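Letters A, B, C and D mark the chains in the order given here, with residues in each chain numbered from 1 onward.
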Amino acid sequence: MTIGFIGLGAMGMPMATNLLKAKLPLMVWSRNGANAEKLVGEGATAVASATQAAKVDILFSMLADDQAVSDVFIAGGVLDQMPQGSIHVNMATVSVAMAKKLTQLHAARGVGYVAAPVLGRVDVAAAGNLNILAAGKGQDLERIQPLLDLLGQKTWRYGEEPAQANVVKIAANFSIACAIETMAETSALVRAYGIESQAFIDLLTQTLYPSPVYKGYGTMIAEERYSPAGFKLALGLKDVRLALEAGEAQHLPLPLGSTLRDSHLEAIAQGDGLLDWAALGKAAARRGNIG
Amino acid sequence: MTIGFIGLGAMGMPMATNLLKAKLPLMVWSRNGANAEKLVGEGATAVASATQAAKVDILFSMLADDQAVSDVFIAGGVLDQMPQGSIHVNMATVSVAMAKKLTQLHAARGVGYVAAPVLGRVDVAAAGNLNILAAGKGQDLERIQPLLDLLGQKTWRYGEEPAQANVVKIAANFSIACAIETMAETSALVRAYGIESQAFIDLLTQTLYPSPVYKGYGTMIAEERYSPAGFKLALGLKDVRLALEAGEAQHLPLPLGSTLRDSHLEAIAQGDGLLDWAALGKAAARRGNIG
Amino acid sequence: MTIGFIGLGAMGMPMATNLLKAKLPLMVWSRNGANAEKLVGEGATAVASATQAAKVDILFSMLADDQAVSDVFIAGGVLDQMPQGSIHVNMATVSVAMAKKLTQLHAARGVGYVAAPVLGRVDVAAAGNLNILAAGKGQDLERIQPLLDLLGQKTWRYGEEPAQANVVKIAANFSIACAIETMAETSALVRAYGIESQAFIDLLTQTLYPSPVYKGYGTMIAEERYSPAGFKLALGLKDVRLALEAGEAQHLPLPLGSTLRDSHLEAIAQGDGLLDWAALGKAAARRGNIG
Amino acid sequence: MTIGFIGLGAMGMPMATNLLKAKLPLMVWSRNGANAEKLVGEGATAVASATQAAKVDILFSMLADDQAVSDVFIAGGVLDQMPQGSIHVNMATVSVAMAKKLTQLHAARGVGYVAAPVLGRVDVAAAGNLNILAAGKGQDLERIQPLLDLLGQKTWRYGEEPAQANVVKIAANFSIACAIETMAETSALVRAYGIESQAFIDLLTQTLYPSPVYKGYGTMIAEERYSPAGFKLALGLKDVRLALEAGEAQHLPLPLGSTLRDSHLEAIAQGDGLLDWAALGKAAARRGNIG
């Protein structure tokens, strides 16, 4: 079995590394060639163009967004180079529309297509502890499962349509935006009455929400520490938009999404788009002129 | 030290019981006289009118809302009967406006006033494990702390102004509404793509949100089990309104609150006000005609 | 037939003056005594207390808001002094809840109660050209119609329940807030593309909306001229709130109202509450950092 | 001077006819060939393909939306066939993004590009009374002005960038959605209190809003007559989306737009997308269960 991995960014690197640790032969490519070279010492074969990594049995990709996937797989010709019967495992967070388009294009080409976006940040990826949300044909999923087991602690299967895994990922990211905005608005509210955010966030995270999302973003909001950005607010808007678009395609209003979209836009207009997503806390306070 | 307890509803009963278990003498009154009688066997002295319970050193009250507190303490004359130097510990969830009014009235009468609303439902109250959010004069808080220790696992102090504890409680309840609506909208979104809510809620509660709020309400939404109501949706609207009013008094917009208010109203208009708060899940699905 | 008029503010003065012009005997009272004195030269009898104006057949009142009406008619005892069979014509913009309360209190006292709020500003009142929105018992309306004809160009009847006229007035005011916000957001949008607001507002008012509301507020937004205030933004919030409350009492969400409430609060928090209602235009631009 | 006209739908037909009435030679093409044939009797030359209409001095187009313009002018090769120095006058409502893309492509090809979307429906077009919103290079505008004068009563110039005229058109359409939703919500509010919508809409249109938009849509809402559709609600969503996108590109939140987007989606989900835009009135009433 030959394997390829395209896209060696912050997430792709540790994921590819975990495949190499299992002594699997891996053909790797990245827009940033230096990253591919780094993996040669781990046993990878670095190739000079993405299409060279395409002639494998299983091809993983971990690219930034719809545009990057489209550039590499469609315009860049990688899909056209994949052998019939091979499988493309797309682990990126892409839109439902892109997922549907890719599903069609892969089917027309006789290539299996599995969507397998993940929950977990870089350190979780490095530890092989990701939660993998997967959807695609049952036989394709069976075939790649041993590989997914090297990348994540658990694979959650969400159906036969690849887009189903993407919508779960989109909904999960959307829930994070909701949680941040919730802490942003409630923190602003207690601050308006002279209470330290930290004392309030501690209450939330020690009682109602002993959750990594609440603890992580809550601490940043309490400390008003929005830089350096772990995940930029402007990227958060992209996630909210993916949810709104997925809803709109089914005529489903997401009122929280409308609210979040406006909060993000206002924050970006005020110059805070490059701050951490937690800077919704700054935006909520600004609206009430709480300094 | 003499102690009184007014308001023996679902929460007041176990709380008063915990005071009695510590062998404290307790004068009790409830609109529902039968509840007071039940505590006589535990050592309480049941009195026939609220004002008779007023002549104590420390008077706890756990009444339903602003109106009930106003009826009993202001119109009903209980405050007028309290001795100078005594302390009223109001554990109900009341509005910021009512908290401020009560603070003034108690001060004018020379009676200490502590706001001490709680987080935790009936079983938590029975176990003496409540989280108590307290605010008031430092000396008053010191004096009642041993009694609060009988009722809760922890007392969180939020300042000298009683209203400060109320705003924290209001913000915490508001955060719950946000969490429910978040699960409601995201569940509707994944359902619109043919995914079972349960499979999505499991993901959320096992990864991002290992939180009692997410687990409890998430399960109800996933199972579309909105009755019997643990906490009625129509009461949830009251909590959202308390947050909006607290924000408005400080000119602080709470966009999530505006969204939630409308979701609640629409649900109530459709006849779901007496269902559990989790029925926001039903409302979110209805908006997208997801059946 | 004896007539009284209580409340001689900016609107009450020209209205009372129009009654006097018809040579009607008029007993007048105002918190601001000087205004009552001014009308003596026109033939009015100024009295020193509101209750002295109460003993008439028809008593008009034009007070600021719920609080003022309550202070004068309930707490101040004016209603108690009105003769059985007399009629109180309340021309103020009050809440639906207050209208219902007053309806009950007047009925209990045997006094007719007509709600007759008006559309039109001071100059329209002076010209006797108000549009009067009236509701109440048919016989009461018939009896006062000749007097209303002195005040307005047209009386619109909206039912037997006085609150019905108030909800129409509240809905009309609410529509004005919507129109202002519409011009505020669209002006911000075209400005974001380098177009002068004035050129856009001219288009709207000369084609789609040849309306006094669009022309008046549109011009202020285009000129960014928000002071002096014809009608203060903070009072606009009151009108929006009246609509939201009227909706809530019937479990009717008003999504535009939620949006408007937040826009007003944000504007007030930024210090613009005393500017003209048109300053929603400033708020819309600020959200997008359009300077 | 040779002239072409592409797109002979409901609006294009009367517009092309007005050019023919002035005895101008006109080359016409339409996807629906029959429409082009109809104009032959008026003096037009019907051609079999869009590219055949391209070799003219001035080429008007009145196509449905972004997709149609892209299909015909970019993918269909019409732009490539236009002579250097000719001018394309695009009268359709397209997105700001499409306007910018077309501006670039035309400039690269040495073809003038004027955006000239219009206000006014079919009957207004037939009478030559459109309001034309135009933007583009001054010399191009001067050259086509005599032709625009045959189509409209007035040309409003909005700048050198074609997208500027489009954003004005988008903002104007957006304002119509706001006006409809305003009447929808306020009508629901008064109906909740037992008042006929018609009596309320009459008040609005005879006093505050003597405007064709308020009268036309208001009457439909009052009569609950949403079919046949003059302009479909689902198309209204497209207009709202154009405004939201135009705002987002400049980081400008449009809170009314967020509200409108959700109202439209909910209406469409309930099966009302093919009803007239006025069916927002049905949606507003449904939210409050007002039957």
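To be clear about the criterion, contacts are C-beta pairs under 8 Å (C-beta built on N, C-alpha and C of every residue); 3 or more make two chains touch, one makes a residue touch a chain.
No experiment lies behind these values; they were computed from the predicted model shown.
More contacting C-beta pairs link the chains of A-D than the other of the two pairs B-D and A-D. The mean-CA centres of chain A and chain D are about 38 angstrom from one another, to the nearest whole unit. Chain D has its Cα centroid 53 Å from the Cα centroid of chain B. Looking at chain C, one finds that residues 247, 251-255, 258-259, 262-263, 265-266, 269, 287-289 touch two or more other chains. Viewed as a network of touching protein chains, the structure reduces to a complete graph with every chain in contact with every other. If you check the complex, the residues on chain B that touch chain C are 247-248, 251-255, 258-259, 261-262, 265-266, 268-269, 273. Those residues of chain B that touch chain D in the complex are listed here as 265-266, 269-271, 287-289.
Chain D contributes residues 96, 119, 131, 133, 156, 158-159, 161, 163-164, 167-168, 170-172, 174-176, 178-179, 181-183, 185-186, 188-190, 192-195, 199-200, 203-204, 207-214, 243, 246-247, 250-259, 262-263, 287-290 to its touches with chain C in the complex.
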